[in-house]
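In what follows, chain A forms one complex with chain B and a second complex with chain C.
== the complex of A and B ==
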């Protein structure tokens, strides 16, 4: 029993770390632009397909090393172009945040059905990043899980470092806190909006590469990820990066323990119950501002 | 130094600024006043590139019409807002350095930032969170962040709003110091006529986006059109 609980705890920790990596990106976009990107889950799938294309049909030299190396510029360009080509033209309208939500919802459906058209309706499986197990006492851990956890946490640390120690990171924080004030001290808001989308797309793309090894690449799987990301963002507090981190790990644990004790079919309803109860008691979420 | 020519802004059917012309000379303290809704803050928003508009704006001999706000800031135009716009999670020192890092030509200048901190009188609060400052502190910090961009011209939007007599005197001293010691041209929107008549050399009165009068303060405040549309008879009688 104890070993089972430890196993479930580790599973929750690993899922939570990847959810945190992904949700922080979504929160960042909301925090800076006040617009919600409903296509976020579809970019998670793009991560899965990106890795699958390179590893299986193209059998790229270097395996996952090449995948991660190429993923950074690829997802940066995709996110940057998404903002510049589709989102930025909407900002001339007064209700542009709503228009962005409508557009990204449409984009999500376009991408999901596009995956079906291009890659077929069947799920794809990715090879493990590493095989084998590690024994710590009586607890057996998959090396794949350890690597996923390390990479997710490293991704978040990189994100935190960029946000707090680079010129762009400081500008992102300034725009998130005060767009008008940021502009008058010389911060190019339009570039920061595009950079924010680019950074968040890198994060969700990495999340897709990491989790699709465990969960397969499913052309219609974006909805599940979008629900998770939305729950984490709202539960943690819209726009609160720290809140999203806490919420991601709480959700990861909740999923693991509910799935283990009650069965996987009850996981989604448990997470949504947690969200609704939290928002009923504390509408701004765990760490959101009133 | 700043030349505004035929400035017009329409929001749908509403003409917020209507064919406005004025010129601010280098080294001046230039006042703008008018009733609420006259379009004073809109003029600031147009000069700093927040809205598209008709007309032409020239600054320091260069046409800045249609430039985005961050490029206008880099040209040397800084502004403040009626409600202090600060970065609540940053401390006082960091807030001023944000202005220096992004707005000043040449990037972050820590020495200049520290000098600005002392200049606006916030050296003791340097590590305090900006969001925890009192109203006067927030106003000084906003001025400090603007000064950190090394501006040639500083546009203040109702800096005295919500201040008591002591704070108004404090802020007036600061504005004089900015103009005289730093040599920065200042434009000030204000409702307190005493502040405008004491500080400014030229005063522009606008109503419904149009210029009513523009001259030395003592002439403007005696102008019957200004008394009728803005100051009221009681001001003229008190005077």
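== the complex of A and C ==
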């Protein structure tokens, strides 16, 4: 019993860390650009397919090292172009927030069925990043889990460093605080919007590469991920990075324990109940500002 | 849009629909399309009222539709309620459900509302498929396969006799359209617009956001539930596939073609979209792909929808003609 709980706890921790990576990206893009991205889950799947394509059919040299190395420029370009081509032109309308939601929802449908028609409807499995186990007392840990945890945490630390120490990162924060003011002091707002979107795409793509090793690449699984990422962002408070960090781990735990105790089918219901209760009691989320 | 023009477009549209069975009454394929156009036109109109007029980003429209359909099917299959009463009860249930969904949305800002309503949509799938849904009679993953047809005054309105069902749908459609037009053009509609433009200013004029937002949720979900229930008794079988994303996308294409908040436009949007969807049906897996691409392209390039610019073009030409006469 105790060992089982430890196992569930660890699985919640691993999932939570990857969710945190993805949710931080989402909260960043919402906090800065106010664009509500409904296609976020499809980028997660893009990460999964990107890794699968490089590892299985192309058998790229260097395995996961090259996947991670190539993923950064790939997702940056994808995200940057998407923002420039699809979202930036909408900003001139009054009701652009609604239009962005509709557009990204259409985009997610397009991407999901695009994967299906290109890669086929069957789920794909990725090879694990490292095999083997570590035993601590009676608890058996997969090395894969440890590596995923370390990678996602270091991904977040890396992101935090970029945000606080580089000129681009500080420009992003300035735009988030006051877009007009940022523009007056000479920060290229449009570039920052696109770059933020691109960074969030990188983060969710990495989330896809990491988590798809455990959960398979499912072309229809993107709405599930999208809802999860959004629930975490709303639960933690939109635009609050620390809030979404806590929320991601809480949600990862909740998911693991509800799935273990009540069965997987109740996970989504529990998640959404959590969301509704939070929003009813504290509409600004866990750490959000009024 | 002025009341007169709105009424002209709607009356013209429904008169045209009314005479269609004279030409296509024998062709089941076309009758089916016409019935679906009528049903979707109302569902999309409701969405336009809540999103375009009241400015609430509700993404739960398909969820309300499915709740109506399932409620009516469960009432008539498990509890043996006669379908006519089941449809009305289902509409009331959906209306209450809409108010319930609307309650947490009152305090929330735009995108949160979209998230909550969309989350309700997403929760319905595991709920209806899981043990909780089976307990209330949703039939789990299989769905409900034997929904009885509507019978009224000794007549049976089923999918075998499409023309009577078409006129039943048309009758209900016209009633609901009249209700919607009256709401839009009454004090309520003005209150919705005021709330959409500036909630604080509207509140200072004595418009209660609480009351009107709940009212718009209740009203639109009531009508949507009514048509969902009607649809359930029309096709005779339900499954959670109704909640798949492509149904939602179809609805979204309608409103984008019609223009958000340009009311009768969405009716024309429904005609175009349902027809298009039928033509795309042989494409199988590529249909949702194309639908998604259409949404992206339309949102990017259609600012006000397809219908409104055409109307503006016609009316400006008329005006130009009139001034021309005046000058000569």
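Keep in mind that, in the parts below, the second predicted complex is superposed on the first by the 290 of 290 C-alpha atoms of A that agree within 3 Å, B and C clash if a C-alpha of one lies under 4 Å from a C-alpha of the other, contacts with A are read in each partner's own complex, and residues count from 1 in each chain.
The definition used in the following text is that a residue touches a chain if its C-beta (ideal position, glycine included) is under 8 Å from a C-beta of that chain, and two chains touch if they have at least 3 such contacts.
Keep in mind the model is a prediction, meaning the values are calculated, not measured.
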Review point. Which partner, chain B or chain C, is in contact with more residues of chain A?
Key: C
Exercise for review: Pick one for A:178: touches chain B only (first), chain C only (second), both, or neither.
Suggested key: first
Exercise for review: Using the touch definition from the top, say if A:148 reaches chain B (first), chain C (second), both or neither.
Suggested key: neither
Review point. Which holds for A:232: it touches chain B only (first), chain C only (second), both, or neither?
Key: neither
Practice item. Identify the partner contact of A:170: answer first if only chain B is touched, second if only chain C is, both if each is, neither if none is. Key: first
**Study point:** Which superposed partner A:199 touches (first chain B, second chain C, both, neither)
**Key:** neither
Check your understanding: Which partner does A:106 reach: the first (chain B), the second (chain C), both, or neither?
Key -> second
Practice item. Could you look at A:188 and tell me whether it touches chain B, chain C, both or neither (first, second, both, neither)? Key: first
Exercise for review: Considering only touches as defined above, state whether A:129 meets chain B (first), chain C (second), both or neither.
Suggested key: neither
Revision key, fill the gap. Interface residues of chain A shared by chain B and chain C, listed none
Check your understanding: Given the complex with chain A, which residues does chain B contribute to the contact?
Key -> 48, 50, 68-71, 73-74, 78-79, 81, 85-90, 98-99, 101-104, 142, 145-146, 148-149
Revision key, fill the gap. Counting only contacts in the complex, chain A reaches chain B at residues 167, 170-171, 173-174, 177-178, 180-190
Study note, to complete from the structure: Per the touch rule above, chain A residues touching chain C in the complex are 30, 36, 86, 89-90, 93, 95, 97-99, 101-103, 105-114, 116-117, 121, 223-224, 227, 230-231, 234, 238, 265-266, 268-269, 272, 275-276, 279-280, 283
Point to revise | Parts of chain C lying in touch with chain A, wherever the complex brings them together | key: 51, 57, 59, 103-104, 107-112, 114-116, 118-120, 122-123, 126-127, 129-132, 245-246, 248-249, 252, 256, 260, 285-286, 288-289, 291-296, 299-300, 303
